[in-house]
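When the chains are written out, they are named A, B, C and D in that same order, and each has its own residue count from 1.
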């Protein structure tokens, strides 16, 4: 059964929008602090802010990519619905590793949080590839007049994705903070529009 | 008063998207764990992950079905608005039995959680049938040129629904874990597109 | 500045959908109960379920009414945007009195919870009237060919609204449970479509 | 890559709608109060209500402005997507400073909460300007027949924004309550439609 992608996009937009907004619930207000210690308490929870920012940008950039893919994907079939649901599962899951990593940065278990965090993005990067390759394979779900260059550029941009997240996972074993910063940089990379790659 | 279904679908999409995303709030981060016990603590809360996954897929598949039904249902009347609201009540409710079951799997009260969990899906399966039978009865709210085969297949796919959930409820009295796994399999069954059933 | 109502409806749908779904967060899972007491603990928190149900139906019916009004309201001006924002403020607020009332039903402070609960709906009923009278006054924001009978019926249906909620407030001083049940019945009344009133 | 703004608006609507609705989660129900102290406990948490109201109106007015801008902005490019994401980051962040300020109003650390609160809005006001100036510069993303007067009025209305929020920050060092009230008044100012400014 094939249909238009409108409602799939609407449902996905909803899940992205909610997951990105729920992240803030994990940034906790320091309670019952005397005046002299409130600034310090706010500063000491910098891992929460950094994890919030990194996850915010990663989900935001995933949304930008989802948006970008669905300007090319014009039809929807049952397999795409299912792969998209797997992708949304990944997006919905992110607040958990975000909270876990924020809790343990600066403590001995930080590397465990980093492994779960980067591991989650590693899996999501693979799902993104599956979604893209399924939709574009033999032009399956693209419009009739799709932009072949654009599709090629996106494919090339996505290919290193899982490997890059695997790299941040390995870095995360040694430094959770470095892991977060690398993930932020990866978000910037995936935000780059194909048109910039064209100029290269 | 009859009208188009656009806004009903938008509101329903919102409720489905939020309910599915709120599920993650019930997966709690283990706090203040020493490094050596963090992996173990993460693994020990596997019932939370399993309940999260099962409910995620069940709500996701409900959304897919809702989407599928509303590609056939073309008009909206007040009774449909009301039945749809009952369905959304069921969807909104799910995070509660999910958290309940996750809390008690592996503890003596697990069967109670399983009964509430499967019982909730049993009621939702009935509401889905009512919605479908009302909309399709004498072609009431379908388009003029609706696909009779498709409507018949969906009707046949939905008929065993409540009985199947009743079966998982009975299994749940003996094993909450088996109950969760069976519910996951049921989600897969209801995700099957009618076009697959056609080929049978 | 006048514009179409599409985006206002989308934003409102979002707020309604989220507020109605957040209600479940106030239904708490009883933690660490021995098997023998779990059923009892689940049953003892019936005020939570009743408050959840009442607020769910009240918000749901508000959404149905919002939907009904905006099939008649065709244009949007700045004043309507503002009145609609006040209405959404009311909708967003509801999870608080719901949780408050659920906490105190069966305890001495219940009447306070009931007064805050019904008082909130009283204010919302007034805002609904302002929105409707502003939009319909001299046909201000209606379509050119609006259904005069329908507009008249809705006006007559809304007129007793604030008084009815005031009545539930007074009842609530004596019995919070009766207050909840009356609010549920009011939701049913406002769900009635004008076409039913026509037949009277 | 240029495209229409429909899906960007839908995603933004979702984030605005969720952030505005999550604010209520920070208004806590006083638990286990004897009857005689419940009214008092409800009244004593007035900072929570005031912060909720101020943030609600500020986010609501931001949404109205976003809506207003995107009736003029007709095309979307990658830079706009990015700036819009920064704006949504600001919106998503607001529940945190709201809860922080509500926690400390009336306590010695209140000025710290006020600085973080007004500081957040100061940054958001700057992002709003960047978004507007980027979109309108040389009519970059406007429709071909855009209303030059309207664009000019909005530019003039936005220019004092960051300075005004800086002023509330300075006031907040001395009185957090005054800071909240001034922020509420600023929301009213930014809600004013350009058409009112025209009449001046």
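Throughout what follows, a contact is a pair of C-beta atoms (placed from the backbone, for glycine too) under 8 Å apart; a residue touches a chain by one contact, two chains touch by 3 or more.
None of these values were measured; they are calculated from a predicted model.
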Residue-number overlap at the chain A/chain B interface, same or different (half cut): different
When chain C is superposed on chain D by its C-alpha atoms, the rotation angle in degrees, nearest 5: 90
CA centroid of chain A to CA centroid of chain B, Å: 26
Separation of chain A from chain C, taking each centre as the mean of its C-alpha atoms, in whole Å: 36
Chain D residues counted as touching two or more neighbouring chains: 10, 14, 17-18, 22, 25
Touching residues (chain side chain D, partner chain C) in the complex: 9-10, 13-14, 16-18, 20-25, 27, 29, 31, 33-35, 38-39, 42, 53, 56-57, 60, 63-64, 67-68, 70-71, 150, 191, 193-195
Contact set on chain C toward chain D in their complex: 1, 3, 7-8, 10-11, 14-15, 17-19, 22, 25, 78, 81-82, 85, 88-89, 92-93, 95-96, 99-100, 103-104, 107-109, 112, 116
